[in-house]
Structure formats: structure tokens, C-alpha cells
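Here subunit A shows up in two complexes: once beside subunit B, once beside subunit C.
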Partner chain A sequence: MLSRIKRNINVFSVISVIAALLIVIPMLNILLEVLSPPSAAWVHIRENLLNAYIRNTLLLIGFVAVFSALLGLFSAYVVSRFEFRGRNLLSWMLILPLAMPSYIAAYIYADMFSYTGTIARFMRSANIPLRVNMMNLSGAIFIFTMTLFPYVYMMSRSALSSQSASFSENARLLGANRFRVLSRVVLPLLRPALVAGTLLVVLETLNDYGVVAYYNVRVFSFAIFNAWFSLGDTTAAIRLSGVLMLIVFAIIFIERAIRGKRQYSMHVKGKPVEPKKLRGISAFIVPATLWLIMALAFFIPLAQLFYYASLTFSDVINANFIFLIINSLTLAITATAITVFVALMLANYNRGTKNRFKKGLLKVTNLGYAIPGAVIAIAVMLFVHGIDRTLYPVYRLFNPDTGRLVISSTLIMLTFAFVLRFMAIGYNSIEASYDKVGEKFTEASYSLRAGKLRTLLTVDVPMIKHGLISAAIIVFIDVIKELPLTLILRPTNYNTLASEVFRYAREEMLQESAVPALVLIGVATFAIYYLTHYNKKGVAANVREN
Partner chain B sequence: MYVRIESIDFGYTKKQTVLKDISFSMVEGEIVAILGSSGSGKSTLLRLLSGLEIPARGKIEINEETLCSADTFVECEKRHVGMVFQDYALFPHMDVYKNIAFGIRKYPKAQKRQRVMEMLDLINMEEKIHAYPHELSGGQQQRIALARALAPSPDILLLDEPFSNLDADLKMRIRHELRTIMKKSGMTSIFVTHDYDDAKDIADRIVYLENGRIAYEENVRHQ
Partner chain C sequence: MNKLLLSLSVGMIVLMLSACTFGVNPDGESITVFSERHYDTDQILFDLFEQQTGIRVNVIDGGADELINRLENESEDTSADVLIIADAGRLHRAKTKDLLQPVESDTLFENIPSNYRDADNYWFGLTKRARVLVYHPDRVDPSELSTYEALTEPEWEGRVVTRTSTNIYNQSLMASFIEIMGEEDARAWAEGITANFARTPAGNDRDQSKFVVEGGADVAIMNTYYIGRMMNSSDPFEQEVAETVGVFFPNQDTTGTHVNVSAAGVTKHSDNVEAAVQFIEFLSGEEAQESFANANYEYPVNENVEMHDLLKSWGEFKAQDINLSVLGENSYQATIIMDEVGWE
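So, the complex of A and B:
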């Protein structure tokens, strides 16, 4: 029926479909390129190196997944179920390690444990005959666990705090003891959040390039960069990307299978579980453990950075440095604004739909987050180069001396890649707020003869304002920390805080990297502080719960 | 006939049938109650009339305008249909004035204010003009929702279980009040309920809905 099709064409659907196409085409491109004839380098990689890449990658993500799940779950459980001194402070501070980019933690820890480093010197002077080498697989596992476990912590904590006390109380009334309540009720109800948080950790680990490059851990993103830059072999890089994408899809598939179909998020009204006061020795040990985690994940590297910054700030801070900050902020703000805008369009397009086509479209556009930066970078680069090639005759019309790569040499390419990669984060936050608000207000607006755009601006956006703000902040933090995309796709001589930190570290100028690293961490810390404290001020108070 | 509904079929999915062969008509100013148990498809019928869902088959005509037929479909925001939602759906970030004025944005300012005051006068709540929805009781919220739906002078007013969120005491009082307001405004109205007493006290005619079909109709009052 024509009227049905016409009804489906509006600003949301047009933008959504274009966005989806822009995301799908580069990805399909990669998968198609895998079919092109193999190069000599690829044959070499496949015969001699591929097995090691696969083994290292699986070991890395396996251990990181287990450790961060344990750490995240432990801290979330303690914070939401026990009362102790400093609980409120810890409850948001445990998110802070996310403000510490993994690669910065990696440089600092490697340095502290190196022969001349703070910790190694301390150990020698204390006559402890212990030598720790960070720069290997175990070191990388430690770094990723410490900097990424907050994903598990956040997800588990919010699941725990929304778990109504009535579940546990009922279980206890039915005669279950504390341990049984934990193992049969609390943990199973927590499983989806735990699995989702762990999945995020795994995806972030696969995405990383800074840590594995510095520690020389031969995993996929390392291999892809290596093939692309050192060997200059596009085909090999693309094939490696193809294999990595298969691994990622397998992981997502496993996650779906583990999460299962059962519904866990049933809305049961009731008060949350009352935290229990810790007594005796545990009142000391439990908080101490959490503070130790915080120290390892955040404060120790931070202290070392402050020390280095105090040595170098007078050399590092100059006009160039100001430009660096402005570059980073402008880029991050632009990318964030576009991402949140497109995510909002997608969310509107998909609201309350049962349409298979729309749902499929959405799944595809949200895949970006699962795909490691190195792969996205290569996909975007091939795609934009393709556009430049096609448009070359047009460029010539305007400027006969034009170079071949016009769009490719601008920030458009990098911004596009950011949008592609972080879309899912923005989308999920917006969708969650839409779910909470429901559709009745939008429908009421339509029934009062307000059009799509007016409804969006005067009803939907004000009602999901907080979802939009959190979406923006989370995307912003991710963009400003981002490394692999930035390294591959930035225009020549364009630097951001992240790329500058990476360069200093690469050139063994760790002390000089401290100031840009601290600015980066500072911005991210501020954003996290805002995010965790803004929502508490009773903003949702006037949304009546029905 | 002012309202004419002919052989409407509808299901939320292709396989499902929620409403089957629904036909009835109304004269101008009439109040019809749709009475049926929970899940019988009452809310769905209102969603079809307001344009929030598209019927699989059938025709809807209100005030000589075809809103829906085999080859036309007028979208919700283009229909002159007022709706009072089951839980009122007052915009929580707007005060009473802004809520009521929402549907008459195109009126000149002075006229808009006058219309809002008229509505507040009708529901007897002038003093609450700057209150926010969360500061109002359930009964007050319901009356604001009614005023908001009436302000743009729709061709027809739809009310979904207008009493379901009120306690029994209040309900008795408001039932008569609601009929008075509706009759005073001369509005053609359809309201949905699962309670026979509601239907009997307010409506001119009751349409019984059972499993998505009209079982029978009963005249309660002679006009």
C-alpha cells in the first residue's frame, strides 16, 4: 500500500538509511577485498604468524575477561550491598579508571618496573629480589584488567541496585540461606549485565593498539598495523582484518547465547536491597581492597604522571600545546555532536518498531562498536580513497592542479570513523531513555496535531535530555582517548593529545608525555564526575512514575 | 452520520487479529461507551481512530472527512481527533498552561491565552494554571488532560479508561462531572471502559466489545 510506504518516509528514516549505508558499505568492502588474490606477505603471515596471533589474542581476551569480570563483580557487589566508610566516594570513583587510557597506564607501569623505574629502585633498596617485567602478555592482561574493569563494575552495579529486595526476601522466606540467595537468585539475575560488561571489556581490548604495540604483544591489531605500515601490504592487512572480524562476530554470538532468551529485567516495583553494615575485621579489609584496586588502576599511575609533569611542564607547555588541546577538543566535540545527532535520528526511526528491516538496519549500524579501530580505520580509508578516485575528474574541474586525495587528506575521514565506531554507544544510551519514558508522550503530542519535528524538539528531546547528555559525555570520553583510528586517519601533521602522548612514549620521552596525558585524564575525569553527579540531583523528579 | 466506521480489521502483527469487522456510527454530540473486558481490543480501537495504527481493512469517516480507506490514510498529527490517554500523558516538563496550549500553538497569543482560560474555567481549575503535573492529584491530572484534548476543538474526543487511575470515591464524583463537562462542550465522544456503571452513567449508548468483535449495542438514554 502506497500510503504505508509514504508514511515511512520522513527525516528520521532518510537520515537513518543514509547513515546505515555509509556504515555498511565500508564493512562489506573489507569482506569483499578478502576475496582478492593473496599477496606474498599474506602467505608468509598465514604460514608462520597467524596461529600465534590467534593464540595470543584469545589468551589476552580470555584472561582479561575473567579477571575484569571478577574485579568488576566484586567491587559492584561490595558497594551496593554493604555499608562502610567511604562507600559513596568509592561508588563513583571506581568508574575513574576509565579516564585513564590503557596505553598511558601501560607506559607508566612499564616505566615504573623498568630497571631505573620507581618501583624497581624501591625493591632493590628494600632488598626484595623480585624483578617484574611488564612488557609482555601478562603485563598487558594486568593493564587491560585494571583500566577496563569499570565497565563490568558499572553494569553490575546498576543491575544490582535495580534488583528489587523482594527477590532476595522471597528466596529467604522460602528457606534459602545467604549463600543460596547469592548463587541462585542474585547472580543469575545479574548474568546479563555481567556478560554485557565483560563483552565491552573484550571489545575494548581487541580495539587497543597502544598497549600491545608498546608491550610488543603480537595480537591482531598489532599485526594489522604492522602489515599496513611496516610491510605496506594492504591485502595482508585487509585479510587480517577479515579474520579479526570473524573472531568478533563469534564473540558476539557467544555473548548472545550466554545471555539467553530468558527475561531478567522484569519490572518489579519495590525497594532496593538495604545495604548491610560491615563489622569487625571485614569493615577494614573490604574497603582497603577497593582502595588498593583504585590505587593500582588510577592513583599510582596518576602520581607518577604528576611527578613527571613537574619535571617537564615548562618545556612542554607552549603555543603548540595550546593548539593541541584546541585540536583535540574541537575534534571530539564535533564527532560527539554528529554521533549523538545521528543516534537520535536512528532511535526515533526505530522506536517501538517491529519491522524486521528497521531492526536489521539498526543491528548493522550498531556493529561499529564491536569492530576494532584498526579494521574500521582501514575500511574507512579504502572507502574514502574510493570516493576521492571517483570524484577526481570533478576536483579537476575546480582546480586543475589538485591532488588525488582531497577528502582523504581532511579531518572528514577521521570524524566519519569516530561516528561509525561510537554510534552504538550514543544510540544505546538514547534508546534506554526512550524505553524509560515510553511512547505515550510522543503519541499525545501527535494527537495534539504536533508534527514529527515539533514533537522531537518540544516533547522527546526535553524528556530524554539526560539520556542525550550522558550519551554525549560517554562518546566524548571515548573520542578524546581514542588512539588507533586517530593514528591511521589523521591528516599529516595533525596531532591530538592522544597521538602526542603516543609519539612521546614511542620516542622514549615518557616524562614529556606526562603533561598531555594529564590533560587527557583530567578532561575525562571531569566528564565522569559530571556524569556520575549530574543525574543524582533529582532531575527525573517531575517525571511521575505511573 | 457524523462518525462512520466500516468493517475495520486489525492486528499488531500479520498473524494476529485484534479487531474483526468493527462497524458503527455516531451522530454529532453523542457519547458512546465501548465496554469490554481487558484485552478485548478497546485501546486498540481508539488508536485506530486517532491514527496511531493503520487498519488492515476498513474505512473511517469523521465529520465528512475520510481519514482512512483502501487508498487514503491521514496521519495522526493531521487528524482533528482529541485523545485522553489512560495515564493522561501530561508532559511532565510543561506546566498546566503549556500543556493545554500545546495543541493550539497556531492561535495568536491573546486568543491562545483566552482559550486556555476557557478550558480551565470548564474544568474549574483556574488556580492551577502554573502548576506542574506532578503537583496535581490524579483527578486533577485527568481534568487537565481533558482540557488539553478539548482545547483545539477536535471533531471527536476519545478517552481511554478515564477512571482507571482514580480511587473509588473520587470516581463516583468525577463520573457525573465528566458527563457534565462533555455535554457542556457538546463534544462527540467515545470512551472506553471495562466498568458497566461507568458506561451507564456517562454514555448515551453502549457498544459491547468481545474478543475484538462488536457483540451488541444498547441505548442508555434517549436524546
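So, the complex of A and C:
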């Protein structure tokens, strides 16, 4: 028994268990709260509102999941399997909509279609009597699909580009037509990536507050904030979070159940699929469709932001502006590094395990993504304040005049919350890569008596570099865009680009929010550009080594 | 490229560390203000306050709900001395959460009319705003408008627009009706107005007036200062909207137009109560009020102070005669009723 435990103690298990404990303890506060007796506000919510919340939430995530899966899959398939003009450009640009925070897109689109907006004015001058109201459920579905589908695109594309040609070619040789190859070979092999991407889209949608509040779409995150602020009832808010978590668990559980015991790992050997040149009318239509998606998801809102920035930049830019950028970058880089590191440890700890304890641990650490940011913020705040109050005597040894909230007034609290919140993103991306490479190399390395760390650094990391880099991109962009955690947990007057954008939007000064929004989008765009291009070099190097 | 990234990171760390030393004033006396307001003119006022008293003002800005939560969580360890947020309903929430403390100050009692401060002196209104009717002059003659209640008549079906029921301004409006009309009539009003909505409520106050100009609705219920802010918008088309619409103060012959405040209170765990009170007194005084109110096109609460020219152009008006504490007391009930009648 003891020796078994001892054998299980290694760098992965220690870090995983510590990380899991740090994540579990704040969550427990929330889960315990669900068990407390229902308050009057909860009864009111259940009687009058809950049905609508559930219906709207299911409609929203259902449509967003289907549309973004279709868009993501379509664009990934076209880019990786066909050759056409502008393909290289599009292949990384299709990730760019991720640089556009959903709440900014929501504000800009509603504005463009409002009476004073560019599009509405154009339609009036062209005598087109068409009035579009963005501010409803359909509008929200559009915004989320357009700003989140790149998750599906990224994951599907990296899976497609590492899919060996031999599968498709064998199927073709056996007489399957193109459609059959797609539905029986390509898609099933793509499944883990497609599901992981769509799951990210769904979870991001469930978490958003900015879009649904502005468009008044009554979904769960909206309900949680409303119970908390309008009814002043934290218990009801936490209870709603509990229901939301149940919905998320159900989604994840159903997915796992459908997947069952089937495994989708395959080794990248043999040449990748040779892209087929598009000819005739499709050589025009197919790329045009992709550019249209790009225009709607990125370039049109961007152009509107540039116009507003030109009106307001002289009022908005001052000496403090540079600090917004520095703050955002420092925060995002630190949080990304820690998140990806811990996610890698967790992924290693859990690879191919059948151990229930490990699986449970993993589920818990990935929970953060299913809980609305604001609830995490409160959980983390209570937790860190608790630590500070416990450690107060120790602080006083160093500085007798110290206040009690020492850790709470630093960036540690916010960074911790980011790690907790975005762990699932990092983890899923790394897990998908591990799924793809399988375990034989790692096992070979162990059988050659290489240590766990050495195997990780020299065997696993180089193989899953792709996955690590996409994990890093996504987490970085998510952190830099993130709102509720930043707003609630940032240290005194620690303003970031996102908090500045939100401040202007809250004060109904959309035009003034354009400059910080553009810088935010610029930084995220640079991150995407740098990492996708670095990534390509990496892939090229790998191919050469093979 | 990696080297570049490395040197960038190092540069950033150095900048960060140096940034930490900015704005630290270890010697002088100072107070920390949690404020929802964020106007450049406020800083000029704070500098003036520092000149006069030697007390430095550190401002932490954020959304009202966010700041209340933060105060609640930091409890006795908070650095905040003063809380400044909009809407009596929210201040009442801070009071009931035991985050503020009562203040006895003759200066404040003198500067601020009694219905614009808390009945138990936990918070003090600094600027006022009215929730008025904004109409399109081509489609509505002001003579057709009279009261909030009249908008529930069948002739207004599909012509009224306002924000959601989760918005605190509407909750406070509803809370004032519960006080003035009683719960039954207030519920009937909410039902009637919901039946006359031109669309499912969405968007912010500016969006409501745009919807009126666009022709989607004829009358919007919204706050006065948004008209002022749109007239001075950086977007010329928003200025046009603000200049197109008419502003009507309802219930002038009956119960008065709904008025709310943005207000300040001293936090319960302030470690510099005296300076905090001094600061609120300063903001309620004649010297500060004009700039403080004008920054957001609001009415100064101090009656000796002149209002902004735009507000003057709308003329004097009769306000609801209630102590604003009741807005907070009725706010929960207001929310429940609005949910029950299906006001989204």
C-alpha cells in the first residue's frame, strides 16, 4: 500500500493535487451554499422566471453550438483541404475574430443598426425600408457565433492538418465517394477536436454577461447577476449557479457517454493530405464565403471602431494610457504561463488513467470554466481574504503596522482566479493533443528508463507543442478580454484595457471606448499572428525531422 | 524574436515596479473614495480640496454593484472612507448591508434638502436627476402628455419604450410608485405600461431615445442627463437625436416627476471619519456643487447653486414629494412586481 502511494508521488501528482485543492476549496463555499434553505427570492425566481431562463439558455447555447460548429468545421475543412488564392492568409486570419471580445461586438453591432448607426443611416439614404433589431435572442446568437466560432476552427484545423492522408486515400481506393470519406473517415477522426471546440464555445456563451445584459436575453448568467444585484440575494444567485453547473455537467456527461469507450487516437505518420486546387466557380465562391465570414466577424466592427477612435482619440489618450497596455500584458502573460503549466501537469497526471480519484480530481479542476466569472470572483475573494486573515500574525512579524489584506491587495488574487477560470481551456487543448499522439512514445520512453520529467520535456512536449501553443493563445486572449473577474478582483486602481472599455460602455460612451478596444484587439491580433506564424515554423521543423 | 520577447518582458517588469511607486504620498493625510463617477472635472475638485485641507483624495472607480460587493468582502479591512454611487436604491442596499455609518453634520443638513438624504443620515444626495418622458415632436404633441399613469391608456399601445426591469432606474421609479400610489395601483401601472411597450425592453437609456427618433416608439421613459450627454456626444449623429426629441416632465399637476440622486456615504470601517465627512461637506458646498453636477448634466442638490443652462432651458419642475430612502426600502418589492407582470 505504502509503496503504491510512494510510486504515485511525483512531480505531476504533487502539483495536480495542490492545484486541485486550491481550486476545490473556494468552490466548496459555493456548493455548500446550495444546500442552505431556499430564500424568498429563490421561490420568486422559481415561480416566475426559472422556466424562461432554462428555455432561453438552451435555445442560445443550442443555436450557437450548431452554428459555430458548422462555421468552424466548414472553414477548417476548406482551408486545410483545398488550395485557393489567399488560403495562407485566411488560414490564420480565421482565428482573428477571437481577438474581438463578444461584448464589444455586441455594442458595435447594436450601434450600427440603431438609428444613428452607420448601417441604419446607409439603409435610410438608399431607401431600403429594412430595420434590424440586434437586441434580442437572435442578435445574441449571431454575436456569439461570430466571435466564438474560431475555437472550433482552430481545433478542427489542427486536427485536420495532422490527419494522415492514408486514411482518406484508403477509403477512396475502397470506392467511397468524397461525401462518404468525409462522413465516415474525416469527421469521426475529427470528433475530439470538434467537440472540444464546440464545448469551449458553449461554455464561453454560458459565461458571458456583457452581451446578454445589454441585449436583455434572459439566460442563466443574467439571472445570477440579477438575483445578486437586483434582489440582493447571494444565496439565490449561488443556487442558480448550481443549476447552471448541473446543465454543464449534463452536457459534458452526454458527450462522454456518446463517445463511450471508443478511442480516437492516431499517429501522425505518413504524408498529410495534399490540398486540392479549387477550380471554376467554386474557386471564387468558396474563398468569398470565408471572406464574408471574416468581414462580419471582424472587419466590419473593426472599421466602425476605427471611425469612433478617429472622433475620440485626442480625448482618450493620455500619459496613463500606456499603463493600461502594460497592465493588461503583464497580467495576461503571467496568468497564461501559470495556467498552461498547471494544465500540462494535470494532463500528464491523468493520461490514460482509469483511476477514479484522478478522474474526479480532473473534473473538479476543470469546473472553473462552467461557473460564471462573477461567482468565481466572489469565491476567490472570500478564500484569499480568509488566507490573509489567518496569516495576519505572520505578516505582523515582518511589519507591525501592516494591514490585514496583504495578498488580497496584490495581483496574486486576480491571477489565481484566472488560472482557476481558464484551466479547462488549457487542459482541453493539451488533452486533445495527447489523444492524437497516443501513449506509445511515452511508454517507450519509460521503458527505456527515462524519468517522468525527462520524458515530459524531451518526448511529450515536443510532440504536443502544437497543442501547447494553441492552449497558450486561447488562454492569453481570454485573459486579456476577460471582464467580471478583472473588474471585481483587480487591485486598487489597476486598470486594464478591458476594464477601461467596459467603463466607457457602462457610461454609454461607446465612441470613447473605441481606442482602448482597438488597442486590446490589436494586442490580441498580434498574439494570434505571432503564435500562428511561430507555430508554422515549428511544424515545418517537425516535418523535416521526420 | 525570443530575445525581443524576453527584453520586452523585463522592460515591463521594471515599468511595473516603478509604477507601484507612483501616486504614493506617504506623509500627508489622505482618504480613499470608492466612486462610480469618472469625470475629468472631478479631479480638479479633488485637487482643490487637497489645497484647502491638505487631505489627498485617492479614487478607486468601478461599477456601483462592484464597489458595494468589494466593501462587503473587505469588511473591516477596507481602505475606503467614502462611497459615491448613483441611485438611492443602491445606497439603501449599502446601508442595509451595514457598510455605511450615520453622520451628524450641520453643514450637510443645511446644504442638502431633507428628502434627498437618508432618513437616518447614512447617505447624502449630491446631484439629482429626473426620470422624464422623451417624445418625438412630429408624432406627439406635448399636450397629449400628462402623467406616467396616462401612458397605460389604450391609446399608447405599442408606443412606449424604456429599459429592462433589471435596471435600477426603473426599479426605483416603480418603488416610488409603490410609495405614492400603494402597491395595488403600482402593480396595475406596471401591467399597463408593459402592455403598451413598443418592443421587449433592451439596451441603455440612449438607445431608448434613438428608438423614438427612428420611429419604433413615440415616447421613452429615461433620465434627463442622457439628453445632456448626447448633446455633447463625440458622435454628431447622437447630437442630432438629442436635438430632435422633446423633454416632458410628467405629473406636474399631480404627484410630481420621479427624481433620484447620486449620493455619498461614509463607510462603516473608515479610519478617517473626520476627513471623510469634511470631503462630503466640501462636495455639497456651493464651491464644488456646480462643477460636480455639471460634469454629468445633473441638478445640483444644493439649492443655492445655479443649474446648467440646458437644465434651465427645461424650466423649473415639481418633483415627487417623498424621502428617497423609500426607494431602497421598496426596491425588492418593485422588482418582484415587475417580474410578476412580465416586464422583461
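Throughout what follows, the second predicted complex is superposed on the first by the 393 of 546 C-alpha atoms of A that agree within 3 Å, B and C clash if a C-alpha of one lies under 4 Å from a C-alpha of the other, contacts with A are read in each partner's own complex, and residues count from 1 in each chain.
Heads up, the rule we're going with is that a residue touches a chain if its C-beta (ideal position, glycine included) is under 8 Å from a C-beta of that chain, and two chains touch if they have at least 3 such contacts.
None of the values given here were measured: they were computed from a predicted structure.
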item: Touching partner for A:G360 - first (subunit B), second (subunit C), both, neither; value: neither
item: Which of subunit B and subunit C A:P188 touches, first, second, both or neither; value: neither
item: First, second, both or neither for A:G451, with subunit B first and subunit C second; value: first
item: Subunit B versus subunit C as contact partner of A:F441, first or second or both or neither; value: first
item: Which of subunit B and subunit C A:F229 touches, first, second, both or neither; value: second
item: Greater residue coverage of subunit A in the superposed arrangement, subunit B or subunit C; value: C
item: Touched partner set for A:G403, first subunit B, second subunit C, both or neither; value: second
item: Common interface positions of subunit A, toward subunit B and toward subunit C; value: none
item: Subunit C - residues contacting subunit A, complex; value: 1, 9, 12-13, 15-16, 19, 23, 32, 38, 58-63, 65-66, 69-70, 73-74, 77, 79, 93, 96-97, 164, 166, 168, 171, 199-207, 210-211, 213-214, 216, 226, 229, 233-235, 237-238, 240-241, 332, 335-336, 339-340, 344
item: Partner subunit A, residues of subunit B touching it in the complex; value: 12-13, 50-52, 54, 71-73, 75-83, 85, 87, 89, 91-93, 102-103, 105, 132-134, 148-149, 152, 165
item: Subunit A to subunit C touching residues, read off their complex; value: 41, 44, 48-49, 110, 114-116, 120-121, 131, 133, 135-136, 213-216, 218, 222, 226, 228-232, 308, 311-312, 315, 323, 326, 329-330, 333, 378, 381-382, 385, 388, 403-405, 408, 487-488, 492-493, 503, 506-509, 511-512, 530, 534
item: Touching residues on subunit A, where the partner in the complex is subunit B; value: 2-4, 7, 354, 440-441, 443-452, 454-455, 458-459, 462-463, 541-544, 546
